[in-house]
Amino acid sequence: MAEPLLKVENLRVEFPTRRGTLCAVDDVSFHIQPGEVLGVVGESGAGKSMTGIAVIGLLEAPGRIAGGRIVLEGQRIDDLPYEEKRKLRGRKIGAIFQDPLTSLNPLYTVERQLIETIRTHLEVSESEAFERAVSLLREVGIPAPEQRIKHYPHQFSGGMRQRVVIALALCAEPSLIIADEPTTALDVSIQAQIITLLKRLCRDHGTSVMLVTHDMGVIAETAHRVAVMYAGRLVEVGPVKDVVRNPSHPYTAGLMASIPVIGRKVENLSQIDGSMPRLNAIPEGCAFSPRCPQVMERCRRERPPLDTRGRTEVSCWLHAGESVDA
Amino acid sequence: MSTLVRTRESLYRIIDSDIFYSFRSSPVTVGAAIVTLILVLGAIFAPLVTPHDPYDLEALNLMDAFNPPVWYEDGTWSFMLGTDDQGRGILSAIVYGMRLSLWVGLVAVLFSGVIGVALGLVAGYVGGNTDAVIMRVAEVQLTFPAILIALLIDGVLRGILPPFMIEELAIWVVIVSIGISGWPQYARTVRASTIVENNKEYVHAAVLTGIHPAMIMIRHVLPNVMGPVLVIATIQLAIAIINEATLSFLGVGIPVTEPSLGTLLRVGNNFLFSGEWWITVFPGVALALLVIAVNLVGDWMRDAFNPKLR
Amino acid sequence: MSIKGRFTRTSGLGLVLAAGLAMAAASPAEAKTFKWAFQGDPVSMDPYTINETLTLGFIGNIYESLIRRRKDLSIEPALAESWETVKPDVWRFHLRKNVKFHDGTPFTAKDVVFSWKRTLSQGSDVKTFVSGIKDIKVLDDHTIDIVTAGPRPIFTSEIPFWYIMSEDWAKKNKAVEVGKLTTEAENYANRHANGTGPFILKSREPGVKTVVVPNPNWWDKATHNITEGILTPIKSPATRVAALLSGELDMMYPAPTQDVNRIKGTKGLAMLEGPEARTIFLGFDLQRDELLYSNIKGKNPLKDVRVRKAMYQALDMNAIKKKVMRGNSWPAALLIAPQINGFKKELNTRFAYDPKASKKLLAAAGYPNGFEIVLDCPNDRYVNDEAICLAASAMLAKVGVKVKVNAQTKAKHFGKIKREDTSFYLLGWTPSTFDVHNVFYNNVKTRPAYLPKGVEPQPGQGQWNCGIYSNTEVDKLIELVANEIDPAKRQGMISKMMTIHKNEIGHIPLHQQPLSWAKKASIDLFQSPDNTFQLRWVTVK
Amino acid sequence: MAAYIVRRILQAIVVMLTVALIAFSLFRFVGDPILALVGQDTTLEEQAELRKELGLTDPVVVQFARFVGNVARGELGISYGQRRPVIDMFKERLPATLELSLLSAVLAIGIGIPMGIYSGLHRDGWLSRVFQTVSLVGISLPPFLVGILLIYLFAVFIGVLPSQGRGDTVQLGWWSTGLLTWSGIKSLILPAITLGLFQMTLIMRLVRSEMLEVLRTDYIKFARARGLKNRVVNFGHALKNTLVPVITVTGLQVGSIVAFAVITETVFQWPGLGFLFLQSVQTVDIPVMAAYLVFVAAFFVIINLIVDLLYYVIDPRLRLDRTTSSDHGG
């Protein structure tokens, strides 16, 4: 197996509050290969976005990385000084946020925002930057980019704005894009277009993507592999086909029952009673144990480790001692 | 929303927003809470906690005037914080003055709240020209500082009312002046919320079942806007107290026979240089404490209701 | 004049800088600038605009009359060198020669005639000063005969505040009339002045500051040594004190009584104190059949002399003296101060402070539980006026009379009581003539509207008799006093009318208030009992 | 653009007329102007005559029409108290008020905005806490109390600054300035602080909360995710977005300063319009009061116009495509 582009090892993100420290991301490990699309899925508050933000290095105080490592292209990046991290952002790691309507500064033209991003990372002249900006817009499918580039964000529709956002993320040819719910805020008809665009671009540029979403349909369409998170913990990581067709973890199994179409979101799991615990009330042992249909005595006492032996990695006592791969 | 409207609202929002964030988790807040409680309780139970009734002319003895506080050689326990120029105990005067200031503030805020909420509901619910007129008036009024409006209304009322009633009604004149100057804030907030609520299905449903619009507003819309309204009210209370003090200080507020804190300051200001510092300093400190305390309470309210004031 | 025109004429950066430098440099060692403050501002520079002590006192630095007062208030020649009565009602004045107005025009008889006519013009508020003049005959440039309405012993004391203006100047500047209050252009004399007096008006910003400089061509020998005088009105007593303490002022008045000790105790500052000729008193509504603003319906308790006496005896003037006035007042039993002509020491004894007697009197009058009443009071006119009213209300409360104090600014207060919209009011009076007649004529004589049929009123009588005290005998005596020449006979009449008024408790005299001037110790000046401040007696050391 | 300006100007005229009506009609019924302006010796007959001459016996509508007409011609009437044209008095007093207001505004903006930006960017720094505490005191102390404190401290106790008045002034045409003399500048300090403190507090709070709000927005997060430099994000993106509300409110605050000056000028005996206004209220000098109201309203209207235009310049949403953002609420 080739050296992964991104390696996250035992990542732990904490938020100190008045009522004690909350652990938003707890002992999460995964990796992304070059050109690979990793879907990260889970309910709201499962810690998937937080993981993405930790990787870009934009955790806001008082949140902090309390443990683990993040390695990008063989270089550890989680302990870099702020300025070094900043240089990585946009250059090595691009980002796409949920709501294209609010992701763009309303007071500046698209041109200005593109050019400032390009020139922050690349040693190019103003006119070269402009050329590049126009071609990026063309690439993300904005018609008449020479004229549209002069426009302000509010003059674009939602789908068009998300295309602009994607163009901005691609400005400096990053090797990894973290897409945090890139289609959630869009109309269903446009969602598919954006997903298609994203897939095509990553294929063309060889860019890896960490696709954070709670839309299993999108994952199934787009991702090579998928990571399932629950209550800040990773419960299962593996190739999409395996995880979707043959989920190992009871939680994943419940999740998959809700897969059917693109656009259908995992708001709650009707198949499983109860809801995800709040971060300050995670039970001992396996976080899923109170809702788990196959719960065992051990689950309530001991936390299952992530079993990395098979193609699908799973954190569940049901699979302890056996090879999932078998 | 028009630009001015939005940005002006941000002004009020600031007053309501994270002003005291840094205080929240500090002992200062706790202290402020205690101070507030003491001040409010003292004001409520003024007749029980004060040694004298400062309004009782018969009990006033001019020969008691200008007694210093108790720690001075000729101070007495009877007048712990000294006396003013008429022989009134400063402590009693402050407690009663605070009671009056709080009372004026509360009633003025209630007054402007009722007007503002009612107009806001009407504007938001009825819309059209009614809405336009109400909001235009609110906007014009907002361009003038409340104190100037209060000064004007105060002057007008004093001119219109027969002279013998002015003394009797002085408190109400001040209340109305301050009250009228404060309604637009409520009206704007309530109107915005009303428009939002209006578009919700349950309101449509209620309309279809033939419930009177007034009932709909009162039963459905009103509860939803009470949070923000309470927060505005608390902030307005602080402003009302300051405005009352200012009017009284300028000599057009509460008369000196039943002094508020501002009146005490006006009188006391004359004795700032003559050595009888206690006549000014204690009421001044009391006023500052009261307003700071109310402002802090306003912050707690904001947290409690966590309203979106937009 | 248009804004633009004025601006372009003097604008320009060079000028700005020059002006700035000039200001910075202009403080030669021998310049004796004298800065003083009063609680109000002169209403106008026109000497006929308003009959008010402050305004007329200030204008007295610029304008002069035929006669002026000495430091002891006795009269001495000013623009008139001498005078004699040719007949009982004809006064011959010999005018001073070689006197020039500030603009250089000489002072002659025609200016006196002009001033007389102007004083009678519309808008004039000082007609009272010349109310005794029937005619003025010019004998030559420097001799005139003034014909008075009958023998008028008080005539010479009526005119020291009647200032003489220049006819040529007034005509040139279209200031022939005092002026109507319409939208016509302002009367030129309002903010400009052209007198014969020791000081020249240099600049005038109403309500801000007024600057005067010495008149080098004054006919009299200057006794002052100042080179510039700046008057700033500062209404707030505390601010006035602060400005004096911080050294911004050389002198200010009135100094608040409570701050007198502080000022005395401050190094480099000093107080000038003395009794003012002003008497503060309370007036009653003696006319209405039902009291305004009271709980008593259908009756006017104040019409009963026992009630008035009860209220009188409930007032502890010594306590007010000690606490409110800090020892700086002189409790009074008469409407006139000892300095006033007609004063009778024997009559100046107050009815004793005696709350018990008060209660008995009230019970006897049928008000054992007292009654309610509103006391109208100014709050920015007299020394501690509001505090006096409040103290009085507390004292009256102790005998059962519940007094509400309605304290307001002087303009509103005077307006209210002058239209008889009052039951009980506080007022103070200094007779500008320094004669008792002026007090009684204004405050005690029956208002024309209330005279019995057939009695012809004199102009302006009882103008300040806001509660309508009315006693035919007193009215008669007031008229007689005006024209009686024999001093002994006259004093007899005066004593009689004062006694009647006192025993009827027509008013409750309270006290003479102090003159309370504060100054830098390095300043020498003279405090006049009429509370006018004259720059000609100022020396800066 | 033209339509926008025309609409704004029309609104301004309506506002001005409303204010004129209020100024006139309300003060018309306060007190009796005649009694305020006659001396002690004026007879009742003379008073009645004066009343007639001043037009106070005309129908109120006529009086109002005359009032508006006169104001439009710049004739603000004759002061009852000083018996001279109000416009002349305003010209004398205007420089004092404007110089004081201007310095206060400079103080409030010059200190308030940086403090606000700082405490917005470092919301938990100790200096921010200090700023917050200062601002709490700032909005809780009535300006007159601040003024008294400052006088006592600096004029009387320490004795370094004057307690009242404007000091020496220099005349530049009809404009009298205190800025060219040492005593004039010294006299300006305490009143300017008193007047500016409250506004400074408000502006600081406004900037801080706007800053915090903007910093929470997605486009700022996205700007950081794009790797832009902190300076660019904070001052290029965040500050510019806070600018719109800040300019608006700051503009309004500058307007308020002129009106709030009534209190400060009274405390410091500052010979400006506010002091004149209060004096005129006390003496029932109707022309002066009415003119002052109109003046303040005009000042506000002009500032509002300027603010609207600035807003127009800054915010492209308004400038380019009004239909998407102009569901006018008020």
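Just so it is clear, A, B, C and D label the chains in written order, and each chain counts residues from 1 on its own.
Criterion: a contact is a pair of C-beta atoms (placed from the backbone, for glycine too) under 8 Å apart; a residue touches a chain by one contact, two chains touch by 3 or more.
Bear in mind that the values here come from a model prediction, so they are computed numbers and not experimental data.
Comparing per-chain C-alpha centres with the mean over every protein C-alpha atom, the closest match is chain D. When the C-beta contacts at B-D and at B-C are tallied, the pair with the greater total is B-D. We define each chain's centre as the mean of its Cα atoms; on that basis chain A and chain D are separated by 52 Å. Our note on geometry: chain B versus chain D, Cα centroid distance of 23 Å, whole angstroms. Put simply, the C-alpha centre of chain B and that of chain C have 43 angstrom between them. In chain D, the residues that reach two or more other chains under the touch definition are 31, 124, 148, 152, 156, 266, 282, 284, 315.
Across the assembly, chain C contributes residues 236, 238, 242, 245, 409 that each touch 2 or more other chains. Across the assembly, chain A contributes no residue in contact with two or more other chains. Of all possible chain pairs, the ones that touch are A-D, B-C, B-D, C-D. On chain C, the positions that touch chain B within their shared complex are 236-238, 241-242, 245, 256, 258-259, 261-262, 292-293, 316, 319-320, 322-324, 374, 379, 386-387, 390-391, 393-395, 397-398, 402-407, 409, 416, 421. Against chain B, the residues of chain D that register as touching in their complex are 15, 18-19, 22, 26-27, 29-31, 123-124, 128-129, 132, 135-137, 139-145, 148, 152, 156, 202, 205-206, 208-210, 212, 244-245, 248-249, 252, 255-256, 259-260, 262-263, 266, 278, 281-282, 284, 289, 293, 296-297, 300-301, 304, 307-308, 311, 315, 318, 326-330.
On the chain D side of its complex with chain C, the touching residues are 31-32, 35-43, 50, 53-54, 70, 75, 77-78, 80-85, 88-89, 91-93, 148, 151-152, 155-156, 159, 161-166, 168, 170-175, 180-182, 266-269, 271, 275-276, 279, 282-284. Those residues of chain A that touch chain D in the shared complex are 56, 58, 61, 82, 86-91, 94-95, 97-99, 102-109, 116-117, 120-121, 152, 154-155, 165, 168-169, 171-172. For chain B in complex with chain D, the touching residues are 1-8, 10-11, 13-15, 17-23, 135-136, 138-140, 143-145, 147-148, 151-152, 155-156, 158-160, 188, 192, 238, 242, 245-246, 249-252, 262, 265, 269, 272-273, 280, 284, 287-288, 291-292, 295-296.
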